[in-house]
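A, B, C and D label the chains in the order they appear, each numbered from 1.
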């Protein structure tokens, strides 16, 4: 079990505000790691750094031993990191099938024929239980369906590391169960490493191997779920939030 | 030697004129990420307003000038409310709408004011003999100092007042600004109005030197865009430096290289900036 | 949906195909810029046409029908000009077309005139080639670059003993053509000159003027049209070039616009310009009548002489139709070639010798006028002069 | 292509064969010009409507095509079709270069730079009059020995249909899919492995090449090329046609071009106002009906027929 991604001293600020401050972290191959922290802790910013939407002012990122700090989003994606977005961003004016096709095209492999790509996209839609929606515009989907579609698009790029940003937010308990099953299948069948941000504590604590906690841009704790839950700094950070 | 001094003097004066013509564009682009292609037309309208108020309606020039600027400010607010606001977040439509608007206003000016060049009365006439070396128009010298005054007040407004702080907050991070209680819709509207008013101020200050015509608006806009890209989008300091560089370069270029190609020097800088320093001299390198 | 599309298409074709006019007047086509940078010329044309039509229709029109004008806009753009002419020739089916003030547009129009064999009388496009091409269907009753330079500008420079000439020309067809002819003339006369090319859209001429000042010319021949001339004249005074060096506006109208004095102020004093019209110079009774009619209709004196030029060509066209007793093209050309008509600027007779620009060409006498105390004083040619040329110190 | 769409297109092509039989010379001319605008507006729509980038150099590129081909035919005696081919190549190369320079900086830069480029081109063409004949215009040979509107009409019809087929193929290909993804959401597209800058530069270069081609044919039809071909006024017309017809749809610019060109013939009498009128219509459309005439009709039909 080697390290798949490693960040060292990552720092990113906007204007006067430092969103991520000197964060070190790593993920092992095949792990499922949760990223938690109060609002504004810098979780999504960290994801944006990892997927090349932003570039850090300081620090380095390496993926499978290769430096990716200043690569562009699409290059990072082609190396094998895919993501979903906190606020879902499917291509609204395109059909579900086309959404997934973009992920397949995004692999940048010209050898595959258009027909094979269509077949693969259909399979992926079926995998996330969206069969029958192929020609439906993404705009017409419900929130959970949009989230599944985004997941299918991310999977279409054939990643080795999947970044999931609050995939459970806004779902009801039975939908959450479905989503967790899907994540488990991705991990066990597709052998992907998963890094996920979640506010639904019960779920993330149950499903993760490890948890990383951010507060005000800094990593305040890292460890197995049960260690994290009982950590005084973590409790303080969350209590501070509920006070506000 | 006196010729070179003349070219440089004129380059600096025209440079400041460039800066004041461009600063409204820079302000709007910095805060709202919207390029106002109708900037030159607002400039032209201000010139015509100033002319008609003072000559046709007999308003004293000192009153006609701020009144014209105020009218342009109101037009700017109206533009923002009706046309620009719905395009926030859709860069393409804001570009298309302001471009079409510039054509509409240009033709409206032709219809309303006619094709003839007009200018409000001069404040001063004649020319000054500078150090016994060359003559320089008094009106230009006066406009030069007024332009500097306008630029200084804008700097003051942006750096020192509540309004300035709000717009700086918005231009850095819209969401953070909203969190600390800045009403970005209101600030956007005022900022667009201010940008328009600056186009108006330029038109009012400069029309006694360069009479306005409806077809003259596009060159005003183009010059302003070069200055803004050169200085860095949204940078007021860049605007002044960019304006000066353009003014001096055009004058020296016309003097020593080619008079016919004087307007091309600016574009060459534009291309060079894009190749070597695309975020401009004082712009922020994003990401 | 298919049916709707089909019906819509059918209706579109029907509308296009059924375009036709009731034919109970005689229509004359006019081409000229009503929009674009020279829209002012369109205004001048409209005024001249209005007076000409009043005059003609008051005496009963021609061939027993009223005369009407269809004025097509060219925007000062050759393609639009060609398209406008094409429309007049093929859609409105006018028997004859007059007008134009841009050489570039005129050169596009004469090709179309030649293709459709529709007579065209140009009034204010000065390029030699327009008549030099010797098209049978093309006439010009107006100034021609070579004529203006050979007979007026060059002799004016020579007769007044100017020692050094600066030629400033804009990058337009007119500027290029007239500047080249002037250079040739100056070489032949042995008068030293410098030429400065300027961009048509320039506003600030300080640099150019400083360069000219360094050459120390007695006279600056300014071939700049429109607003640019106003900038040039007022800035020339500011940098101290004029009135030490005199400035001659080679076109004329911009120096006569209402806005000239407002825009240039004192700097307009002693400025010279070419003109074919002066309130005190009436070469014919028609000229006086034009002046009176204009004042009656518009309540002011005419300023842009292009008003009168278009007036002339409308009269020439109507005269040709009357003598041809037909609107048929061959008959019209034959009639035009025999024209001997008194207009405001003299008696029009078109040249018939082929091979040069003088074919189908008639040039009105021109005047060199100087602003003296904001009054127009004709200073050249000698026969028409009302006063002496004022030179600056 | 759906069966229904195929039939409609086929019906239109058949209908388009007839105009020379009953239209006057003048209206045939209007039709030819309309076809030119169809090419211009449709290819502009390819970048604006499908990748969301506003280029103001589309008219300038058509001028590049027209002048390149015109000068090659006049000075080197090349046949027009070869001239047009080279002209198209020059436009493509320039489009690629400009796109490469400014697209990475974002849409605003592309718009400003293309505007600047149009102006540079205008200045060079007017100033270099010994080659371009300046504002006087360059007279160039036509396509046919015998001047005939009918021949030109069919020539333009064929070229336009071929160009439209290419555009249709592009927007329904993988490349077209990536265009739309970039338009929909640049960040999401990039995070899905799409090289958004490359996609945009490619779209820009293709579209520029197409306008070069259209300009080349236009020049050899008018047989006179002036700095007005690459002017901003021309650019405005093309933009207004696409916006009024409906950006982002295949049929929009086609409808817009015909409507505006024919309309402008009917309101010619009000010459001074027609640009103003087009501007106002375009403004209202961009503001209230961004999907244009085609979008409005489509909605209406859907309501009535569904």
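Keep in mind that, in the parts below, contacts are C-beta pairs under 8 Å (C-beta built on N, C-alpha and C of every residue); 3 or more make two chains touch, one makes a residue touch a chain.
Bear in mind that the values here come from a model prediction, so they are computed numbers and not experimental data.
Chains that count as touching both subunit C and subunit D, per the definition above, are B. Think of the whole protein's Cα atoms as having one middle point; the chain whose own Cα middle lies nearest to it is D. Counted by C-beta pairs in contact, the busier of A-D and B-C is B-C. Remark: subunit A and subunit B have CA centroids separated by 46 Å (rounded to whole angstrom). Chain centres here are Cα means. That of subunit B falls 36 Å from that of subunit C.
Inter-chain centre distance (subunit A to subunit C, centres taken as mean C-alpha positions): 73 Å. The residues of subunit C that reach two or more other chains are 35, 39, 42, 171, 197, 199, listed in rising order. For subunit B, residues that reach two or more other chains under the stated contact definition are 110, 260-261, 263. Multi-chain contact residues of subunit A (touching two or more other chains) are absent.
Within the complex, the subunit D residues that touch subunit B are 48, 52-54, 56, 101-102, 104-109, 111-113, 115-117, 119-120, 123-124, 127, 232, 236, 239-240, 243, 272-273, 275-276, 279-280, 282-283, 286-287, 290. Of all residues in subunit A, only 51-53, 72-74, 77-78, 82-83, 85, 89-94, 98, 101-103, 105-108, 114, 117, 153-154, 156-157 touch subunit D in the complex they form. Subunit B makes touch with subunit D in their complex at residues 29, 33, 35, 82-83, 86, 91-93, 95-97, 99-101, 103-104, 107-108, 110-111, 218, 222, 225-226, 228-229, 233, 260-261, 263-264, 267, 270-271, 274-275, 278-279.
Within the complex formed with subunit C, the subunit D residues making contact are 7-8, 11-12, 15, 19, 22-27, 29-30, 33, 123, 126-127, 129, 134-137, 139, 147, 222-224, 226, 228-229, 233, 258, 262, 265, 268, 271-272, 275, 301, 305.
Residue ranges of subunit C in contact with subunit B, taken from their complex: 35-40, 42-43, 171, 196-199, 201-204, 206-208, 210-211, 214, 226-227, 230-231, 235, 237-240, 257-259, 262-263, 265-266.
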